[in-house]
Every structure is written in structure tokens, then in C-alpha cells.
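In what comes next, chain A is part of two complexes: it sits with chain B in the first one and with chain C in the second one.
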Partner chain A sequence: MTTDVMIYAQDLSKHYGSFRALDRVSFEVRRGEVVGFLGPNGAGKSTTMRILTCFISPTGGTARVHGFDVFDDPLPVRESLGYLPQRAPLYLEMNVYEYLRFAADLRHLDGETFKKRARSVVEVCGLAQVLTKDIRQLSHGYRQRVGLAQALIHDPPILILDEPTSDLDPNEKAEFLDYLKQIGKERTVMLSTHNLKEVESACARAIIVSRGRVVADGPLDEIRAKSGNVRYVVSVQESASGSAYRGKTLPASNAEVSDLLSKVAGVRKVTELPTDERAHAFELASEQDADLRPEVFRAVADKGWVLLELHRDTQTLEDVFRHLTIGDERRNRTIGASPDGEEEEASEEEEESAEDTDSDDDDSDEEGDEAKS
Partner chain B sequence: MNAARIMFRLELADALRSRWLLFTAAVYASVFSLFIWLGLRESSVLGFTGLSRVVLNVSNAVVLAVPLVALVATSQTVVRARQSGFFELVLSQPMRRTDWFVGVVASRFVVVVGPLLGLLLIALLASLATGERDAALLPMVLRSLAVTASLAWAFIGIGFWISARARSPERATVLALLAWLTASALHDFALIGALLRWRLEPAVVFALAAANPEESARIAILGGIDPDLSVLGPVGFWLANTLGPNATLAIGIGWPAVLGTFALYRAQRCLIKSDLVG
Partner chain C sequence: MSETTTDKDRDLEEKKKASKKGEDGGDKKASSKDEEEEEESDEQEESDDSDDEGDDDDDKAKAKPSRKDDDAALAAKPRSGLRVDRSPAATFTRNVLTIAKRELGSYFNSALAYIVISLSLGGFGVHFFLFQGGVWQIERASMARLFQFAPGVLCFLTIPLFTMRALSEEKRLGTMELLITLPVRDSEVILGKFIGAYGMLFFQIVLLGIYPIVMFVWPWHLGVLDWGPFWSAMLGMLLMSGAGVGVGLMMSGFTESQILSFFLTAAGLAALYYVGEVVQYLPGWPGDVISFFSFQSRIEPFTRGVIDSRAVVYFLSVTILSLLVSFRTLESRKWA
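Presenting the complex of A and B:
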């Protein structure tokens, strides 16, 4: 693990009885990265967040935050991160300032530092107008901002946000994402969500989990190309419409162009596209991660044909997300589905209720098993 | 500042804002006012009059009210914090679960016992201000305070234990009500009924009575004044006369304290043994 790795998870597992909420999840998040943590409901996002914030312990594997083990050194881990859970439950009878003061006290901030930090988070989170209002009186959006402010009050190097925008209206969401971009310039941020647009607008990298496993991890462009269906659109000028390049002849038929394109290394399929222009248009499908555009260009140029259009149509993150996590959705729609033979279906709520189960010496297991089943 | 102290301060401030303290103070003050209004202050039926008589009756009534107030104040604390996600947020702060637990328990203790302490102090001050010479008042106040504080501790412990084990706030409420009903039923009337119905051994009945913190507190308060008081009931009468005032007081303070400490220990074990990180 290099020193600029702020969050490190290696073979992280969490089992509730026979249900595997997390199954050997491994990833790293480096200093200054804003990473989207994506997955459908029940995929293990919240479980991962809760382990990283030292709320629950993993069944197996290692997790380190800011270099500290979450299980062996929970206090330094908690000191170095700011956390905003999915629902930010606050003391409703307190006013915003008092709540921030409480959060600062827990973080051992002295009076002067608190004032300085409070000014900063109030500005960043847009809380100036509600600072003396009771939290009970605030809208969901403002409560979420208060939650974010408490997570930022101690200026943590790492910020973990678990579906922070789930209760916000579109305007509040947009504002929140603006704050996030602003905040993310100076911090390592891990944003858990199943809203792909949020990730595309705020993150440069994403980790996608499905059924407790990491199914994709990398820059968004790389992930978009991961579905195995990279698409290229190529358009070559028809012979009747102009003169060829370097004195060569333009293609006379679609078949000629199709034949050439299918010979380019990496091309899986060539499909003719309808076009209004006087051109031969084709769609190329490729399974390769490598970019085929240079090869396509060279092949066309060597023939002396005029290339009117060449672009790679990377898929949307949503397409890739669906492709990678479709199994979860299928299982959710099939009664009694258990593709792994061992795993049982569990929603986020079931996961939570299993976590909520108390253990109390001898009789705990019975109660725990009941909740887990 | 220590995290437990911060939590204590925060929970207390929250109790003040949500008028919890006001509620408990109102409960005790209503009982106090009711007895004064009923004329107990002037009554000499039981051989002594004045504020000490009121305090005695208030304490006797409060012995029934304190467990209910304590259970209501505590039985949902952990389960609600867990369900609402508050636990998740608080435990992501640099504090140990034990700090949170200690801070919250202490604040609940102040919420339940604080108003009673205030009321009894007011009674003492009122006695001084009116120039009433009531030698029994101070010992009565101290005795009542010690016994009810210990009783509150017992039910705060039971409440937290219920709260830590229950899987939903609704279930916690039902369990808390059951605990209160059981404690209230294990007074003389139910015990004597059980004795007659199932021909229980008297020793079992007396043991059950003494094991009920509510009954042991009641005997400690009333038996210390006069072990022949008819309000003690047959079981209380026997215990008070057999054990004597000092032993009943020791049991009335010691047993609920032990029970409360044990229940709190179990509640804390529930938190520690679950898969939360320390």
C-alpha cells in the first residue's frame, strides 16, 4: 500500500449467516480522488461504508483508512474521516449552530478553530440563513446540508457520503453536487449512490459493486468501455460524390468498404448504417478495450478513400451499469432465485435488520439467526 | 472534553429542549400537590404530621411512578438510535460506544431523579421558610431520595437492557410496559392472591416480594418510619418486622442498585458483543 492510498480494502467480506453481503471486496482510493461507489440496492454499498467508518466489523479481510486499520485503530480512523450516512439523523431540537458546536466538541476543536471552521462550512454548505433555526424546522435538503457540515467541521482529509442525495429534490441535488465538486478539490471523497448521473457529474472514477462483489473499478471512460460492446461509426465518401485522395479511386460499393473494415484487427462485426449523405456508413462492434480508430483511419487512408466521419461511441455509464448488475435485478424479480446455490436474496433493509440484531452472550446467536434468515 | 461528558451534556440539553425534564418534574409535582391538596399535611392518622408526612406519601407514590418514567425514558434509546441511523452517525465520530452509553445513561438518570431531588429540596426550603419544626423531614427526604434514586437506577438499567435487545421501538415499548406491570403486580395484592390460588410457600412469596425492586423500595421507605403501618400490606409488614428498619433500608437501596448495575452491564454487553466496532 503506497502512502497516498487513503482508503484501502483488501478481500473485505461480511457474512450474515449464509448471506454474503460482501464477498472479498478489494479496492483503493488515493489522495484527492472523488470516487463514485455504485451498485443496485442490496449490492453491499452501505455495508462497505459502514465497515470503512468503523460502524460494523468485517467478517474477513482488511480495511485501512488513512493508514489505520478500521478494526484495530477505530479512533484515529474516525478522526480522519467525515461521514454522512444515507439518512442523517440529527438532534431535531437543536439549532444548526449548536449542532455544529457539538460535532466540533466531539472532534476536540478549540473555540477559535471551531469559529474558523464553522465560517468555512457554513459558506460551503450554504447554511448562513438557517444557522439559528432549529433543525426540526429545516427541509430535508437543509438537514442534509447540516449533515454534510458536521462531516466537514473538522476539515477531514477523507469524506464518505452514503447516498447523500436520496431525499433531495432536483434543485437541491444539483446544489449538493456543486458543493461536492467544490469540496472534492481538496479531499478524498467516496460517494455511494445508485444515481449514475451524479457520478458522471462529480466523479472521475467509479467502483461498481454487485451482489457483494466489485464488478468494475476504474476511470469512468474505462468503465464505459468495459461492457464488451464498444461501437465505432465510420463513414466513407461514395465514388460518385467526389474525387479520391492521392489519385486513388473511391469505393464503388458498400461491400468494398465493409470488406475492408472487417479486416481491421479487433473488429467483431460490421453493420451497415442508413445515411442521407452520399456516403457508405457502417457501425463497427469491438470487444477490445484498445482504441480501433487509428487502425480504421490507416486502412481507409491507405486506400485513398475520403473519411467523412469516424468516432467511438462509448456507452453511457447507465448501459454499463445495467450490463454489469442485471443479475441483481433478475434475482429481485424471481421468487426463490438463488443462483449461487448458497446466497439468499436480501434487500438493503434486510441487510440492515441483520446488522441491527443484537448479540448478547449465549442467546444472541438464536436471535441473530432469526433476523438473518 | 471527554466524549462521555459531551454526550451527557448533549442528551441533557436535548431532554431540556424536548421538555422531558419538565414532564418528569410535572409528574412528581402533581403527586406532591395532590397530597397537599388532599390535606395530608394536617392529617395525623399515622402518628405524625407536616411536610414529612407529605414527603412520605409522595415517596410511596413516586415508587410506582419512577419505574414507569424511567422505562419510558430509556426503553427506546438504543433501538431507536440504531433504527434511525443516529448510532451510525454518532459512532463515526471519534468516540467509543462505552462513552456514548455512559453519557446517555447519566443523562437519563438526571432526567428521572433530578426533578425529584429539586422537589424534595423545595420541601426542605419550604419547611425552613415557614419555621415549621419537623425533625423527621430531613431524614425522610434523604431516605426517600436514596431509595428512589436506587429504584430509578434499577429501572433505567432494565430500560436500557430492553432497549439494547429489542429489535423495534414498538417491541421495546411492549416489553417496558410488561416490566412495569410485572413489578407493580408483584406487590402484596398479587402475591397474596398467588399464595392463596396456588398454595405457594410463604418463603417464596416473601422472596418474590423482596426481589421486586419496587416492593423493596416501598418497604424501605415506609418500614423505616413505622414497621406496623397498615399500608405496607401483610408481606411488607412481615418483611419490615422480620428484617428491621436498617436491613430494609439496606435492601431497599442496595438491591435495586445491584439490579440496575447488572441490567446496565448486560445492556452494554449487548452493544459490545454485537458486531459494532469499539
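Presenting the complex of A and C:
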């Protein structure tokens, strides 16, 4: 392992009873990377971070931080980390200065280093006004800042931040992200968030987790490309609805249209979209570079079909995120769906395509099954 | 990010630092030249690097020779953000004390400590002087009466009140996560918490020393007190409190609720304390065995001036055992 890899996780698994919070999560983070750790609630972000900070142990797999194993050498791991847990839990009865002092003491910073560092983090986190206030009296935003200050006090080579911006106002967020970008040149920063805009502005790379698995990992551009980052929606009029175009074509059947579209050069995947009686609608996925609209139009026109709609979307990170993690949402809305159910063993792809078309049916089916059993 | 500190400020800081070192560096002349050099270069690095972005590792790697001045020669404290070359024992002690200090600080920061201490002192006073004729009935210069009552109150009330929040509060608020992910061992956390809570009990028990002083030394002279039994009883109380705080800490580690922790501890300690009384009618060895485990019968010799080694061992064993259980409980979070 090169020394450049600051965080290394391999096959991390964590089970709570029969619930799999993490399922063989593997990734690497190198020095100088700012990585956004994305995922819906309950996807395993915090669990991963807790394992990396040696707060809990994985059920399986290994992780190394700064070259130290999280299981065998928790102390050196923690020394090289700055960690901000979710919602910044702090000792409410201490004042801000005392708290920073306490954190610095446990990190063995001596008086002068502490003073220097404190001055720097107080400025970065904007704490000058509240330094002598009890943490109890502070708003959530300020508590979050104190939590950040605590994580930065020893100038750690690695920062692990669990939703660091959740309680900050937009100005603070922007400022904080700028700061992250700046320190991220020398350091390794891993931050979890729901806010995709933040990731886009601060991180060069993202890891998306869903249901305890890594579903995407790579530079943002690559992730955008991950699920076919250009999307075309095509609908073709169904002949049953009335007059065929110039009266010279055969009725277009679903399979025919799908067949034709998948033959267009550059199309990676054809997915049927739900429509009414009068049209066949499909979603095409393709590479970003080419524009397939002329080809699609020609193919359809050659057949003499009526093209009702054709448009091209560039997917945003948000789309990708939704696309990759949509199963989680459904799980939350379905009473009785097993948290670890068999249907989830099905490959990601299949499931997602099913989701798009008939998620409602799915739900009712599952409820039905549950009732029968 | 940029630091607003101007050069002037930094110079000032440097001077302050230097003068401070001059004061406390005297006894550290013996330390090695290498350390001094590292110290200097680090310092240089720090002051050059206005926003402190140099990686600490890198800082240490570059041991560039730099300016020599008398102050730096005097000062030889190793300084760095990351820990260097400290013995495990030293860091252990230091961490434990830091945690204990924070605990004590937070006790004194809450009204609870003052209420508990003053109420129990008041209660002891009422019992000692007034209840059933008070100390005057005995017509002897003795503190024995205080020690008939005080240990029970400590077990029932004071210890549970001081230990109830130790771990449960941290678990409930989630502060445990931040504490544990600092570079501390679980054992340091437990021991620090123990010392913090025990410190409060120690304070409370030491305050009992006011009684004999005001009664027999100054301002009143009610007679000549035999101090022997008093000291041995105090020792007994301290040992017993150690065991009690251990049990309280253990109970506190089992639950996130302070109230539950309080009642568990109070019930547990009361049972341990009074179990001897309950079984005194049980004939033969079973009664003896059970009453051996009673805090009350263990502490009784101390109030007569006898330091019973069996009791010392017993109390220490309970303390250590409960601390071990607390440690394991804390560790179990990893596997939950």
C-alpha cells in the first residue's frame, strides 16, 4: 500500500442483528482528495465514518487510516483524524474555549501550539464572538462550528466530517466549503452530506452509498456518466389511436419501437416509460459526447411512424443520485418490506428499471404478499 | 483562509512565548540537543506558516537548522500537534487526568453538586446533633455516631446522584462519540470518569472533617477526641465510596437514562449495604457468607478504629471489578 492512500476500506460490513447496515464497502481516499460521501438517510454513511474513526468495529472487512488498521491501532488512527459526528454532540455545560482546550489537551497539544491553532480555528469557524459562552446557549449553527473547530484544532492530515454543513446558513456553508477546498489540497477530507450542490462545489470525487453498498465511486464527471448521463425521451404515436401517418405505415407495436431504438448507434439502454394508450414512450441512455437526436429522428421517420416527442437531458448529479438510490425511498414507504429482503438481492439495474415503471404496483404486491404470509 | 495576525502581533507572541519559556525552562536544561533543534525548527515553521497548513509530519521531517537564541536553548519541550515519544504510562495518566478534570469541572458547573453536598451535610448534622437526642446522649467525645449513619446515606443517595450521569448522559447526548474518537483509550475514559465522580465523593467525605474540628479543636472544646477511630472511619468511608462509585459507574454504563441509572445504583448499593442486616437471623455459615458481602458489616470495624485488611481487599476488589465491567460495557458499543 502506498503512503498516498490515507483512507483505505476493504469489504467493510456491519450487521446489526439481521440488518445489514454495510455490505462489503470498499474504497480508497488519497492524500489531497476531498471526497463527498453521499447517500440517503440510513444508507450507511455514518456507520462507515464511525468505523473509520474506530468508534465501532466492522463485522467484517478491514480499514486503514493513515496506514494504521482501525481495529489494531485505534489510537494512531484517531490521532491523525479530525472527526465531527453528526449533529455535533458537545458538552453543553462547557464554554467554547474550555471545550477546545479539552480537545486539545486530549490531543496533547501544548499551550503555545494550542494558542496558535485556536486563533486559527476560531477565525476559520467564526467563533470569536462566542468564545466565552456556554455551549448550551449556542444555536445549532454555532454548535456545528464548535464541532468543526474541535476537529481542526490539531491540524489533522485527515478530516472526517459527518454532515458538517447541515445547520449552517448559506453564507457559512459557502465559506466553509471554500475553506475545505483550500485545506483539501494538502489533506484528505471526507464529508458526508445530502446536499449535492455542496458536493459539486467542494468535492472532486464522490462516493455514493445506498443500502449499505457503494453504488458509485469516482470523479464527479464519471459519476454523472455512470447511469448514462445523457438521457433521451422518445415517444412514438401508437397507430391504434387513429390515422396512421400518411396512411402508409403498419401499426407500431411496443416491441418494434423498442427494437428499432436499441439499434440506433450509440444507444446503451432502452427503458420503457409508462404512458397512456396513444403513445409508446422510451427512455434512451447513451454516452455524453454524441447527440443522437438526428439518428433517432431518422430511424423513426424512415419507418413512417409519428414522433410525438424527442428531447435530450443532461443528467445532473441529483438525477444520478436519485437514480442510484431510489430503492431506499421505496423501502421507507412500504410497510412490511423486509429491511434485508430477497428482492434486494436482484441486481441493481433490474430493480431500478422496474422502479421507474411500476413502483406503485410493486408496493401493493408486496403488501399483498405480506398479508398472505 | 488567512490569518489576520500581523507580523507585529506575531513578534509580540514570540516574545511572550520566549519570556514564558525563560520562566519555566530552567529545570529542563538537561534535555537533549536534538530536541532543542527540532523545537526551534518547528517554531520557525509555525511562525512562517501563517495559516498553519504545514502537515505536522512534514514539520518534523524537515529538521532545518535555524536561529539560535538563548530562550530557545532553555526551552526544550517537545511540541507538535501529533504526539511524539511519550511513554504510554505518561499519556495514560495525562489523559485520565484531563478527563477527570473535565468531569469535576462539569460537576461544579451544575447545581446538583452543591445541592447534594449541602443537603447531605445538613442531613448528617441533623442526625448527628438532634435525632433521638443526638450526640449528647453518649456523653463521650466520639464521632462514632456520624459513621453509623453517613455510609448508608452515601450509598443510598450521594453516590447514585454523583454517578448517575457519568456515562448515561454522554450516551444519550452522543458526546461519548466525540470523546471516544479523540485519541483516548476506553480504559482512560472509564478511569477518568471514575476519578471525577470519586473526587466529588472525596470532597464530600473530607467535608465531614469539619465536625470534629469545630467540636473539639476550634472554636469549641467539648472534650479530647480520640482521633484514631475518626481517621480509620474516614478511610473506611473512602474505600467504601470507591466501591460505590465503581458500582454506580457500571450501572450508568448500562443505560442511557439518568433516572434509571440512579435507581439501579441506589437499589444495588442499598442491597449491598443492608444485606447483612437482613440475614443476621440466618443461622450458620450461609448468614456469615452473605453478611461478609455487606458494606455495612465491612465498614463497621473501621468505625471502631480497626483497619480490617479483609475489608480493604473487599472494597478494592469491588471497585476494580465494577470498573472492569464498565470498561467492557463501553467496549461493547463496538459490537452492538
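Note that the second predicted complex is superposed on the first by the 239 of 373 C-alpha atoms of A that agree within 3 Å, B and C clash if a C-alpha of one lies under 4 Å from a C-alpha of the other, contacts with A are read in each partner's own complex, and residues count from 1 in each chain.
In this text, a residue touches a chain if its C-beta (ideal position, glycine included) is under 8 Å from a C-beta of that chain, and two chains touch if they have at least 3 such contacts.
Here the structure is a predicted model, which is why all the values come from computation and not from measurement.
Touch criterion met: A:110 reaches chain C, while chain B stays clear of it. Shared-chain residue A:89: touches chain B and chain C both. In the superposed pair of complexes, A:57 makes contact with chain B and with chain C alike.
Of the two partner chains, chain C is the only one that A:123 touches; chain B does not reach it. Once the two complexes are overlaid on the shared chain, A:70 sits against chain B while remaining clear of chain C.
With both structures placed on the common chain, the touch criterion links A:79 to chain B and to chain C. Using the contact criterion defined above for the overlaid structures, shared-chain residue A:26 touches neither chain B nor chain C, since it reaches no partner. Shared-chain residue A:10: touches no atom of chain B or chain C. In the three-chain superposition model, chain A touches both chain B and chain C at residues 50, 53-57, 75-76, 78-79, 81, 83, 85-87, 89, 91, 93-94, 98, 102-103, 105-108, 147. Contact residues on chain A toward chain C in their complex (touch as defined above): 16, 50, 53-57, 75-76, 78-81, 83, 85-87, 89-94, 98, 102-103, 105-110, 112-113, 115-117, 119-120, 123-124, 147, 150, 154-157, 179, 182-183, 186-187. If you check the complex, the residues on chain C that touch chain A are 1, 3-5, 13, 17, 46, 51-53, 55-57, 77, 79-83, 86, 91, 94-95, 98-99, 102, 105-106, 109-110, 173-178, 180-185, 333-336.
Residues 1, 3, 6, 10, 13-14, 17-18, 82-89, 91-96, 164-165, 167, 266, 269-270, 273-278 of chain B are the ones touching chain A in the complex. Residue ranges of chain A in contact with chain B, taken from their complex: 50, 53-57, 70-71, 74-76, 78-79, 81, 83, 85-89, 91, 93-94, 98, 102-103, 105-108, 147, 353, 355-361, 364, 367, 371.
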